[in-house]
């Protein structure tokens, strides 16, 4: 139950079986920092190449293939005032024949939205571009990209997500939640990064309010509890995460994983799980921008008692 | 502002330009009844062929193509204790290779779930099949299928949905909400039916708890306010509805319609609408079972003040 | 085995249970004409509203629900020299972020391509707009939209397609092929129209070279031979047609229908049909533009002997 | 213009920046061997772990990011008589509600189809399981999985495909064709494997007739010719390859790449490319089984003269 303080000096743009930066035990906590999606740290300095550079990987002692890694997000705190994003909905989330009716920047240019993130008031205020109405929103800091090394020696870009987690951009992975990842390689190898001060459902602009963060998390190990897709829980809900394109397939993955969970751990046969799920299930659109989209299947804990 | 009481004697299994059963004025209210999705009424008698038989159509005096019909759902009250549904998730909502692992009935047979719906306690209790845990859930009565006659003299099956509304199976169309439909034919021709005592997100079992209802609604007309897809609002949210397959396209329709709404009625230019939406938008999965799926794009009213 | 000559005086923009224009017997042939997709006839006169106006419906004596209507396309002959289409790929068939890089007309304007169709040489020559290279292509006249009245009293727009056929825009429905449609209403009620002098796979521009035609067809009835989706054959192939969005689902429909066909009529059990199909199946992309896309599943007849 | 003979002693199950096994010059040819998808060689011995183990990588001297690698497939020759595949269409290629009607093996078991591949007659004969009709088919040897190391230090599973190529399972990559891959890392690092004696469109069974092969190929370098997706050509066609899910997106990638090609190398402005493509384009369904599906966009060379 040690508390580690870890200051990253390098970052990874793929999630894979890279050399671990720290070995930790189940029950241990880590305080560390993440840079923003473009590789800029708390002082705004570019310390890594862009594309969701990751802090880690952390080797969890005793983690073996077939186990599940539990990561409790204790605290996610933006550590600077400057956040940025896109001032443009992504072209794939509107009707194709509506795309030409929207303003588009020149090829290769991203229209930048700049935000002032004030931790004392808990608010983010858009400072640029000029808008016809002021935009001031409450912050809800979250991790966009985190997960474990994938199976089969793959090294997967932090632009995307799969069964190992990755760039899920699901806005309910906030402090206070626990995320579960299948252990796919010895030691699990946990990575994290891509903090957002806030984000809408679906990350429809292709970004949240991107920002560097101080993060504290605590790991635990569920020996022999095998899962197929990332899962999560908070006080109100349990959930399963499907990462794939299109949304239909992401939904199929998440729903299948939830049925498996209900049948394995909640005393339900298939008929019970199916009948209950049909009338109580909820879904969140995690992201509809990244190479793999994310859909989340949720069941309220009060429906499971 | 008249209150009409209308008792249906016939029902339609398509939404089209059928002869109206009643002419009403903007501001008028109607008290009527709907049969369940299989055509059974409050006494359990089969009075119509199955497949979401519709009450109506109601001709709204003054409604012209290019206007919008507002339908406020004043009350949706199950009028019997017996509800039914499916005791099986639909095969299209799980992974294809998981389908063979679930129990399936013989071809043509639907595994029936039967429910006791108790209006005094506000609870629905599963009475059949036998489950490994009791299933008792709070009711939230909603309309699964309602809308107006489509354009171009189409008569569209009540199994599906499109720009005219129809079988959207969105569980937040409950009493207290207002639905908006584009007027696509003179008089709008409003139909309603397919009440559910409750339903999960996505109608993943292919049904909610299907039941006959007493319904009261009030219509209004927004002259010259032209919309492309159904919309809705309640005290907390405004929303737009996209009906299509796959979920990606349904989401595109709903998002496009929301951008149009924000730009037309909320003093936003494209940059403002896009930037705001990216960080505050929410989505609900209406249904992922019907021939057209339904995704709903929502913005909280507190974000629009 | 009569030969009928039928001159249409009205046209339908939905395929539904409209009053038949002619009753014909199985074995009979019909010579008639079709207007182009915009409702213009051989003299260029607008005689119907646009949107694939249909000639028909023809009532086939003896056709009952559960039978199959065979329509042999004897001849499809453009009857004027002027063809038109779009000079623009549809926005839904390219990458969303490539859409802003293409030239788009103003909202509501379609960039018109005009063609001279010369039946004596069998060639179509683009006459407008100006291009950097001349475009001269061999004609292969086909029917874009044809089929039978759908079930359940639906009247379905000729913009789209479903199990009844409709706007499939499959370029191999040329003279010499036989199309099969499920009889879904008494008399089948056969409609036809939307001739194209030629068209690429997928109708990616949203049109072929649209033109009015003289058409001769011969009907036959397969009593008690029940099919779920349109089918076709020519000398080389049998095929099944799936109409839906997205392409994945259209492919699923077509493949399922082909397995059913092989098992029912070609002495194959499921293992045989599956194993053979896996190694010999071919697919064509019918259209990827209409509200329902079309995928075609083909098996060469030489693989079935 | 050297001819190299290379005998692999190890195989990779990811395509990434692994240490090259041989450095070759543009213009050089290589004769080598590939094991089958399960890692078995010409004598049937398991020499690598399954999942499309790759021969290579070959470092092409002078290949830099932004260039294109041309790989001419000179010869693909099965080097044993035993081929295998699945005797079952994949569950994702049929209608979800049809899945329960097909015979399925127990979880984890794949129903094996075994083939005798006779190079002297050019025929493959199914030897197991028992079928209601004999299945004898002409062989058309092809490479299922080949490509170059991806960008950004990713190591991508040979189960899937992307812009770097990979497991495209496109049955027209046979001897006599040239494949083009974007150079994404210095030296390109070319891998190959997963030979099929034959395969249907779409690899709908999840396999072709899997077999080990002798392969001869010749590389060339197109300095400064930058492409985004794999391309190919044979005597009749040029084509572009889109790898993604769903088929819609794979088609969008391939179509976009073809428009770019026509505009860059065939003297066409956007209007010309779009108008021509709309009426002459053809598509092939490469695969609809792997994590990324493959659609191929083709234009006949006779349309480009």
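Every chain is named by a letter (A, B, C and D) in the order it is written, and numbering of its residues begins at 1.
Quick note on the criterion: contacts are C-beta pairs under 8 Å (C-beta built on N, C-alpha and C of every residue); 3 or more make two chains touch, one makes a residue touch a chain.
This one's a predicted model, so the numbers in the text were calculated from it and none came from an experiment.
Quick check on the contact graph: shortest path length from chain B to chain D, in steps?
Minimum number of steps from chain B to chain D: 1.
Would you mind checking which chain's C-alpha centre is most distant from the centre of chain A?
Of all the other chains, the one whose centre lies farthest from chain A is C.
Could you compare the number of C-beta pairs in contact for B-C with that for C-D and name the larger?
Answer to which pair has more contacts is C-D.
Rounded to a whole Å, what is the gap between the Cα centroids of chain C and chain D?
So the centre of chain C lies 33 Å away from the centre of chain D.
Considering chain B alone, which of its residues make contact with at least two other chains?
Counting only residues that touch two or more other chains, chain B contributes 92, 96, 246, 248.
Could you pull out which chain A residues touch chain B in their complex?
85-89, 92-96, 98, 102-103, 111, 113, 124, 126, 129-133, 135, 137, 198-209, 246-248, 251-253, 255-256, 259, 266-272, 274-285, 288, 293, 295, 303
Within their complex, state which residues of chain D touch chain B.
90-92, 96-97, 99-101, 104, 107, 246
What residues on chain A touch chain D, complex-wise?
The touching residues are 13-14, 16, 51, 152-157, 244-246, 248-249.
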